[in-house]
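Can you keep this structure in mind? I'll have questions shortly.
So that you can tell them apart, the chains are marked A, B and C in the order they are listed, and the count of residues begins at 1 in each.
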């Protein structure tokens, strides 16, 4: 009698799991119906763009008839990955979409739209008591790949260099790797912090530290240093003004990506961010507007 | 002779010291949070929305989000867990099936929370296409607390003396009626204790919700189970590591930590009060 | 009247079937989770070890047959500079990426939809004998002077014994989990070294020495410690403990394995204390009294009688403590610095398995090799903790046989 109950229980359970499996085939249908009940625009991705999206979402949600906008960080890689698996409507990134990522979208017949919403300058920061104020790109490459390990090698005091980096999901990480490291890999023992805020805090507390952050994250607790891309001829300090007139060369666009089929759905928010009001948010947060 | 006494005194003195150390650790952690958080927690903090890059405002959406997740996960885990425990304790024999289910429950209980997050993301968010949603988060958290509920319910049922069951059956009740009218009511306070402890647990877990529901910022409250939600533990995590101005959001972080700890404290208190009440009841019997 | 009874019996049967069903679900759930994790992860060993959609191309005069992922990384990082270091000819290696081609030719020469790109790439590769080019398969150069290096699948030994965890390296991501496994073990074991003596001491105090008043303070305190969420511990560690460790040990950075171990020790304490205490209290009074009657002091009784008797319970406590420490995510993520490197000392920054999963899962494209590698990490973690839970159970079952 009990054994029969067990058998029935097992059969019922296996039906449940069969049901789960088949639903992945019908996921297309599920996806559409989920969107119908869904009432929010999801934005996911870059920690650098996060402050812009957050502020914009706050203002946008106070307008009439607006959808709920939810903002999550994690890094540009997280945003693109979520966009690929339909887990977000907009991917915010601080780097351009990679060629391989574009291929993945094309593979599934999905078209991705790219919109530049702001510009950011990448700042190199060190502990405020550090005497070094200028470094060349080559020196930065040496430091972050682990070849230069002491500040005295670059004109500072006899102190070990502690480089900090973002996680691999970060667009800032990828951008830094491409422009400063010329695509070489970071040194393997580098300390990884999950977000810009944590990096600023660690740098402000750790003597001998050096890191890279978006210019909007610069504040009094760390020291930004000048960078030279011509072997030491000229150095430029990261400020919003220098980035605007391009005298600070390490400037990059910040993007929103969305799938072409969601264009209607996200139009309201996209229009907002590109409007004068939206761009004012960009400026207030500390980045550079698109004009 | 002297050596024996001295070594005993040293040993016991050390152990007493250890006891003091543990209390000191607890007090320093609690003190740190309470002292810093109390300056921040007020009515506006609890009912307001976060603003200005998380440097001002409140944590209301996080509190609501956690509430939704608690309700959602319990809706899933409580009936399933209690019924499971009833099955293993009242119906199944002593055969391999019971041993198997018990072993599986113990295994489930020892799985690290991040593995639940991994599983939840792959199954609920991706394969079943729920997306980052309260639904996915509740299911994942439900799985996390399922073994807790099963274990406490089983203990509660075991604590009901067999004589109660036999008396009821002797009076002509069916097994189901016995369970419904005799066993369950007696075991009820202990079962509820498990429920209360689970509330504390769900409120504090971060790893399972990282990839299944948590959002950094929501300007309005979620309105459907397919929406993302903010949650207290994730909020503390992002306040401590993200945001443009960590120094300025620090007070909010303390406040969030305080609210979290208060929830745990209150739930623990409820649970132990219930237990005391139960032992009083039993004594009178 | 008879119908009502039939209805009742019908409902009763359904409810009872529901009970059985619930029991079945619980039992099956774990099996399902295990199988699911493995299925998602195992595909890793069938994946090619260069980035998907890309291939490596060398000049046909180059006689190198294949390259390991570590060699590829070192080539593109500029650490290996001559083919002879890999057993080839004495000629300089020139690493080449797709973007480099835009520096050589103006964009107009590639055609509207890049149809001419493969030919241009062909030219570049054929000219340079020492070249190794990382190019998308879509624009693969095909020519007599171009040879493709076949992509092999990721080897099991590379995964389990590899010393580098660089999951987003191009062209070849490196998925060596050894630094992560060692980091996890280091942090957990040091945590135990701290927590076991401390926990045992408190357990002895609670079960043998403490009066009612002290128990009423200590026991709730321990339960509270157990209930504090992991992220609150992480916050405390980040803001209080890390700077403290930095000051006391005069280190440059406070986020170290030691800091992680201390926090984990605090988190594992409640488990160790309560399980040990339970085990010790269950020592029969008769044994204690016999020992005291023979003239032993209380302390001698404890370490010669009670503890050996409670051995299996205490072992179970330690084992459960290990389990708690190994699986902890948020607290470690916030305080250990997360450097994926083979740990050299407890003052180094380490990266544990749970922290790696938490930090990287979001960006791994679903179904890709990074995703699968993370799932396998989850499997490893799952296996560790299952073994721990089963041994804890077996160890405490031993105890039951010892009692008579």
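As a working rule, a contact is a pair of C-beta atoms (placed from the backbone, for glycine too) under 8 Å apart; a residue touches a chain by one contact, two chains touch by 3 or more.
Keep in mind that what you see is a predicted model, and the values were worked out from it rather than measured.
Comparing the centres of all chains, each the average of its CA atoms, the largest separation from chain A belongs to B.
By C-beta pair count, the most extensively touching chains are B-C. Taking the mean of the C-alpha atoms as each chain's centre, chain A and chain B sit 33 Å apart.
Look at where the CA atoms of chain A average out and do the same for chain C: the two points lie 24 Å apart. Among all residues of chain A, those that touch two or more other chains are 5-6, 82, 85, 193-194.
Counting partner chains per residue, chain C has residues 16, 20-21, 23, 25, 362, 366 touching two or more of them. In chain B, the residues that reach two or more other chains under the touch definition are 91-92, 97, 123, 126, 240-241.
Against chain B, in their complex, chain A makes its touches with residues 2, 5-6, 20, 23-24, 27, 30-31, 34, 37-40, 42, 47, 50-51, 53-55, 57-58, 60-62, 68-73, 82, 85-88, 193-198, 200-201, 216-217, 219, 221, 285-286.
Across the complex, chain C meets chain B through its residues 12, 15-16, 18-23, 25-27, 29-31, 33, 36-37, 40, 198, 201-202, 204-206, 209-210, 214, 217-218, 220-225, 227-236, 238-240, 266, 269, 273, 297-300, 320, 323, 326-330, 334, 354, 357-358, 361-362, 366, 374-375, 378, 381-382, 385-386, 388-390, 393. By the touch criterion stated above, chain C contacts chain A in their complex at residues 16-17, 20-21, 23-25, 28, 32, 51-54, 73, 76-78, 97-98, 136, 138, 164, 166-170, 243, 246, 252-255, 333, 337-341, 348-349, 351, 359-360, 362-366.
The residues of chain B lying in touch with chain C in their complex are 4-5, 7-8, 11-12, 14-19, 21-23, 25-26, 28-30, 32-33, 79-81, 83-84, 86-88, 90-92, 97, 100-101, 103-115, 117-119, 121-123, 126, 143, 146, 150, 174-176, 200-201, 203-207, 210-211, 233-234, 236-237, 240-241, 253, 257, 260-261, 264-265, 267-268, 272. In the complex of the two chains, the chain B residues touching chain A come out as 51, 53-54, 91-93, 97, 123, 125-132, 214-220, 222-224, 226-228, 238, 240-247, 249.
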